[in-house]
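This is the structure, below, for whatever I ask next.
Order of writing sets the labels: A, B and C. Residues in every chain begin at 1.
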Amino acid sequence: MSAPLEHACAAMLRRDLTLAWRRRGDMALPVLYAVIVVVLFPFALGPDLALLQRIAGGLVLVTVLLAMLLALDGMFASDIEDGSLEQLVLAPQPLALMLGMKILAHWITTALPLIVIAPLLAGMLHLPAAAMPALLLALLLATPLLSLLGAVLVALTAGTRRSGMLLALMLLPLCVPVVIFAAGAVAAAQEGLPWFAPVAWLAAALILAVVLAPLACAAALRIALDS
Amino acid sequence: MTAPAAAAPLLEARRLGFHRQDEPVFAPLDFRLHAGELALIEGDNGSGKTTLLRLLAGLLHASEGELRWRGAPWQRDTCAHEILFLGHQLGQKHELSPRENLGFAIGLHGCRDGITPQAALDEVGLGGYEDEPVRRLSAGQKKRAALARLLLQPAVLWLLDEPYANLDRHGIALINRLLERHVAGGGAALVSSHGVVGFHGGEPQRIRMHG
Amino acid sequence: MAKWIPLWLHKLGSPPTFYRFAGAVRPWAMGLALLFGVIGLYGGLVLAPPDYQQGDAYRIIFIHVPSAWMSMFVYAVMGVSGFIALVWRMKLAEVVAMESAPIGAAFAFITLATGSLWGKPMWGTWWTWDARLTSELVLLFLYLGVIGLYHAFEDRRQGARAASFLAIIGVINVPIVHYSVVWWNTLHQGSTVNIFGHSKMPWDMLWPLLAMTLATKCYYAASLCRRARTDILALESGKDWVREIAQAEAAR
């Protein structure tokens, strides 16, 4: 009698996207944050073209990561507050799959706008056009990876008092390899070297994370809510 | 006499207990709930009524004792689609309308045959408010919007935590009507409440909680 | 088949049994730690010859290397007992995992501090983005994350389970971080200095190092016993056996 799986997935995705659209002011905040950070750097370092060019790729990546961290904290917050997370846990659907849909919705509403604005940010820092495809591809692979890893950690903190700083502390060790490979690809492209290898590593990690992270997220949520 | 298999209660608790920080929240409980039965959970504030309902819903793990579902050990996966839990937090998204909230619940839990969300909203008295964001509804209307799930979801066992809170006289009558119809149709319900319940479908079972 | 493992764990895992066991082990472990520590330090600081390249500065390895090993060893212990805590819901495993975390963090911190003290004369800088030091720093952050998550929960057992889960994620993460940092170093041509080179360490330098390793292991055991005993008393404060101990202490 229970609803078919694809209906449940569609309902989950539709609800979270509708909610994000109704609160679209919140959606703009990470983008605004990223723009502010990138604008501040040239003021701090001076408008030296060569210097900005050298740090542009890494700077855009780290800024996008921090902006995502800003939005990550709220992934389950309102659902816990109004009890809809309880209903999700109790639903006769595989929790991992439902959380996967939630993470997808969260990625679409927070990371995708950042990826769209990334070429503008990179342009402001004079990243060479040749490195732009590498930057976009690296972001397309690294941001869902961060959303997936971040979701597991947010789920772990679900039963606690809100703690954004703790989340950053927990996420740092996990995102070190992601940042290294994503920035490595951009740096290699900038120097005219082949940049396929780091991107392939990112893609492999993403495939693993797509399978494992929702399962880990569901397990973490059950631990954090069981009191 | 009926066959033993048919006589197996829907839900049976044997010495069921839950510990928080190694302290028992309530004294071990024994009860049986058959299909077509209503049980009231009674007890003072802090006697563990909400904890018991969350335990039965599958949100908490029992620390001791046994829980059986249709004669077999209770497992979340086998009975999740037959249980409906309505707690203090109603699980309604404030930015969405009652209709959208119900649409999501149907997507997740499925829908009974022969009823539409519109009919359910009319029945709980929210006709005309279907497309208003839940944020703008009064506390009682929010409760009614959540109650519409009772009509739509194909569940056998209802676990209702303080369903009468925030409701006026008509709202209380509405819940009693829903309960009577559910029980008459072969469903079962566990209801926690401080207040007196004017239930007409026979004398309900009473489960007394001691902290 | 392997039923005896949970059974054995269950027996030792009963808090009163472990409390007595840890109380008996602790003085011995502490004594051995002091003994090995004195022997190792005497051997390392006095008997061992100076290094032909680094002179006396290398002697910091008798602290640095054992703590680096211990920071990883303690993390492994934390991961394994965290896994046991999650699978068998065993209270003692939660206690061991959570009380190991601060000790491991201390070892990681000592490794970083001695590493930078050593780095000043060797590399001419307090900090270098060497693969090993960077991995150690990430390890310290992992420890801090586990400790922070544990204390963020109001229910200690729930906090212990969540933090155990994080520790297990970290166990998978540590090798990934290490290899990615090594790759990053080769990419950016960092200042990787191989301290030991490929030469074999002479015996009169090696044995003090091994003695110090044993000393840190024993110290960890002693410290863990003391911390776990305190924690068990707090967790079981409502139980009869704890009341008896409290009454016996009060009567003294």
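We adopt the following convention: a residue touches a chain if its C-beta (ideal position, glycine included) is under 8 Å from a C-beta of that chain, and two chains touch if they have at least 3 such contacts.
Predicted, not measured: the structure shown is a model, and the values here were computed from it.
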{"item": "Most central chain, judged by mean C-alpha position against the global CA mean", "value": "A"}
{"item": "Label of the chain whose CA centroid is most distant from the centroid of chain A", "value": "B"}
{"item": "Intercentroid distance (Cα basis), chain C paired with chain B, Å", "value": "49"}
{"item": "Length of the line joining the C-alpha centres of chain A and chain C, rounded to whole Å", "value": "33"}
{"item": "Whole-Å separation of chain centres (CA-atom averages), chain A against chain B", "value": "37"}
{"item": "Multi-chain contact residues (two or more partners), chain B", "value": "20"}
{"item": "Chain C, residues touching no fewer than two other chains", "value": "155"}
{"item": "For chain A, residues that touch 2 or more chains besides their own", "value": "226-227"}
{"item": "Residue numbers on chain B that touch chain C, as the complex places them", "value": "20-23"}
{"item": "Interface residues, chain C side, partner chain A - complex", "value": "86, 138-139, 141-142, 144-145, 148-149, 152-155, 158, 161-162, 165-166, 169-170, 173, 176-177, 180-181, 183-184, 187"}
{"item": "In the complex with chain A, residue positions of chain B that touch it", "value": "20, 57-61, 80-81, 83, 85, 87-96, 100, 103-111, 154"}
{"item": "In the complex with chain B, residue positions of chain A that touch it", "value": "1-3, 7-8, 10-12, 14-15, 18-19, 22-23, 78, 81-84, 86-93, 98, 225-227"}
{"item": "Touching residues on chain A, where the partner in the complex is chain C", "value": "152-153, 156-157, 159-161, 163, 166, 169-170, 172-174, 176-177, 180-181, 184, 187-188, 216, 219-220, 223-224, 226-227"}
